[in-house]
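The chains carry the letters A, B and C, assigned in the order they are written, with residues numbered from 1 in each.
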Amino acid sequence: MKKVIELKGVTMQFGGVTALNDVNLHVNEGEILALIGPNGAGKTTVFNVITGVYKPTKGDIVFNEELSVVGKKRWQITEAGIARTFQNVRLFGEMTALENVITAGDVRSKSGFVGSLFGLPRSRREEKANREKAMELLKFLGIDHVAHKLGKNLPYGDQRRLEIARALGTQPKLLLLDEPAAGFNPSEKVALAETIKKIRDAGYTILLIEHDMSLIMGISDRVAVLDFGTKIADDSPQVVQNDARVIEAYLGVPADAS
Amino acid sequence: MDFSVLVDQFFALTIDGIALGFIYSLIALGYTMVYGVLRLINFANSEVFMLGTFATIITSKNIFGYADDTEPLTGMKLVYTLLACMLVSMLVCAITGVLVEIVAYRRLRKTGSNRLTTLISAIGVSIVISETVRILTSSAPANNPRLLDKIYLVSYAGTEFYIGSVRIPVSAFEVRLDTLLVIIFAILLLFAVDRFVKNTRLGKGIRAVSMSEQNSQLMGVNLNKVISSTFFIAGLMTGAAAFFYTTVYESTKFNVGFELGLAAFTAAVLGGIGNIRGAFFGGIALGILEIYAATVFGTQWKAVTAFVVLVLVLLFKPNGLFGESLQQARV
Amino acid sequence: MAINIRDKGAEIWERSPKPARVAIASLTMIFAICLPFFGGTFLNTPISSYEAVLVYPVGLFVLMALGLNIVVGKSGLLDLGYVAFFAIGAYTMAILGTTTSLNFWEIMPIGIGLAMISGVILGLPTLRLRGDYLAIVTLGFGEIVRIVALNTMAIGGPNGIANIPTPPKFLSLEYTLQNQKAYYWTVLALIFLVIWMIRRLSTRRPGRAWESIRQDEDVADLMGVRTLKYKIWAFAIGAAIGGAGGVVFAAKSMFVAPEMFTLNTSILILACVVFGGMGNIWGVITGAIILAYLPERIRFISDARLLIFGLTLVVMMNLRADGILPRKKREKSLTS
């Protein structure tokens, strides 16, 4: 089974603070791996080093077993096939839903500035194809009915789904979801879980940060746990749920023996 | 390019550079403190400086009644006249600074406008002030009466001697009273601000806000008070600089703010924007660099020096010598 | 304001069938072309020649405001040294016009090219900087260009360059000092070209890239947008437009000097963009026309012109940061 992304001995230090400490982590192709841990454990930092926002102090991050993403530019990493959503919704608020996704799809276009200016055939073809694909993605996420509404005017649930649609617009191999269920009520969370499974079934590999345990247990193939920048568990959901160290990290007291 | 003058006058020029540098440091404080709390380049600071120079002259001419050809003063009269001019300049700048914040920036801060908008508003204010003064003065320069005589405390003309056929120059060295006073008072003021920010409650509030606006409010800091105080103190420092400048250079004009403001801003960035100690070092460094560059390349290239330094610092060491980095992505 | 003028206009445009649109566009263009003939009406300017005013400041300010709009309005990059590109275009015309036998039409592409190269050279190191710092550095660039021109005797120093030749006759149009119509129509042609170009680019990948950079550059980066590349393109196109304007300016004024290219001009153009409506072509054009024309028409405010611009900036930013014709609020498309 191919490792779509692998963190090898990744350490991330900011001045005196060690956000990630010798983390070894990988996600297999077609898997849904959930990354959990108490607040401040370093989960979003993992996303940030993978996507090139930060350069790890030590260690390597390998994509698809062939490309080291450390030191690459952010757009290059996206072009390689990694996309993400954000903890706080960060849409292009003054663009429509459709435009958000089309902008993400531009990374796959080969036509350049001149082609766009003079309306060369390849540019026009790519525009049309991009637009159609974007519309499909909106349908896939169930938000095609708001395709022409501005991002900032969408209801919260639609915004969250648009973020996912936009990330998918870059045609990634690996999708990073940062707390996609934040602010959702239970029925919305169930719908989101179905959507994430649908995305995985369509061929994407997913690395997911979440706090809602039932959501995670329901859809994850594996769960990795971070605490103060160190990975303390990495196994199937059932095993991790009962791991004493994990329980201690969250609750702060040793689990009762009986 | 003429290095001979630089070598022959090295010490004298260095002292001039240090004095100029202290003036820059004080104005740089104006930029750096405001940037620290608001993350905003206070464009209007250069015009506040300009107003201070005019305030100094208005005090000595209109309030005390001295004229261009007045004999220099001595004794107590000299001391209290100079002090009065300095205090007036400082107050005028401080109050103007606070007013600028209220009129041009406060509303934008409240409505969460983006930085482009606030920056443009700052530029607008700067233009309004300088244009108003231009129209009122009809672009004419104003001269400061020489109340403090240009007395040389130490004056050494420099010499040269030869080892074989190699000429070894010994630089001229001179210390003027006014230059020395500028240096002494500037050090005192910078020290005072440093202590203030470190030890007083308001000073700590300023530091808290520059680290995190949200958190400091949660800790009970009165944001408006802190911000107004920052502008007030920044204005006091700029006003002192204006007084020193007017006393040493003896003349001013409506557009004096632009070049000096730019140099002071460069000094702030060089030392690390937002960093008060950095403003001190940045100012001195830039003052000396500018004097040297003017000597070697000619005075018409003085303004370019500041820009070139600025661009180089921003490209290669955006943190400045001591300060924060401006390039962190916010994700 | 309850009614968004621009959206109302856009609504009417969208609802009209194709023939109506062609009619509206043609009428507007014809009106613009005929403007020089209204000199005898209430539009007349008391002191300068009406036709000359149409060329500069009105026409050229509109052109430059459109150029700066791509940089500031669309991409969100604060450029305070825009006059530098105008100066480079003008000096190119001045130097080549007086020392070689090239004529205006041959010099124009050279002027544009040099301005573009300067834009790229300026942009490469500086466009990595965050907003405020970019502003200062571009301001510095503008000033450096002026100071270099001032101190370089080979290109005239403070006295500048005079006797720049006027463009040769085009078809049957003569470019003369007395009759400025030909200059005006040349500028107008450039304006039409630029408008076409901007509208083209806006609905395609470059326009989307610029918008995403303006709205949230960090996220744009992570969505695969080549932010540095498009920022440099924005600078380059803006510079090209400024340079083109400069070439026309030099040919019309027949004389250039460093004092004509000051920081004030950069700020004036910025005021046009801000006042009119950042990012919005029609707003920017309206803003430029108003701010360029009024001081000529109402002479007593001419001396206080810069003061009024400063006030405009402060007032507009505080009360109506979007300008008088704001950027679209309604869902108009960034795709064709």
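Here is the rule we use: a residue touches a chain if its C-beta (ideal position, glycine included) is under 8 Å from a C-beta of that chain, and two chains touch if they have at least 3 such contacts.
Keep in mind that this is a model prediction, so the values were computed, not measured.
Among the other chains, the CA centroid farthest from that of subunit B is the one of A. Averaging the CA coordinates per chain and comparing them to the mean over all protein CA atoms picks out C as nearest. Per-chain Cα centroids separate subunit B from subunit C by 35 Å. Distance between subunit A and subunit B, defined via averaged C-alpha coordinates, is recorded as 49 Å. Centre-to-centre spacing of subunit A and subunit C amounts to 42 Å, using the average Cα coordinate of each chain. Residues of subunit A found to touch two or more other chains are 53, 86. Residues of subunit B found to touch two or more other chains are 329, 331. Each of residues 218-219, 221-222 in subunit C touches at least two other chains. The touching residues of subunit C, when paired with subunit B in their complex, are 72, 76, 78, 80, 125-126, 128-133, 135-137, 140-141, 143-144, 147, 150-151, 218-219, 221-222, 263, 267, 270, 274, 303-304, 306-307, 309-315, 317-318, 321.
Residues of subunit B touching subunit C in their complex: 40-41, 103-104, 107-108, 113, 115-121, 123-128, 131-132, 135, 258, 262, 265, 269, 300-301, 303-304, 307, 310-311, 314-315, 318, 326-327, 329-331.
Only residues 51, 53, 74-75, 78-79, 83-84, 86, 90, 92-96, 98-99, 102-104, 106-107, 109, 111, 113, 116-117, 119, 123, 127, 131, 148-150, 166-167, 169-170 of subunit A touch subunit C when the two sit together in their complex.
Across the interface of their complex, subunit A is touched by residues 197, 200-201, 204-206, 208-209, 211-212, 215-216, 218-227, 233, 327, 329, 331, 333-336 of subunit C.
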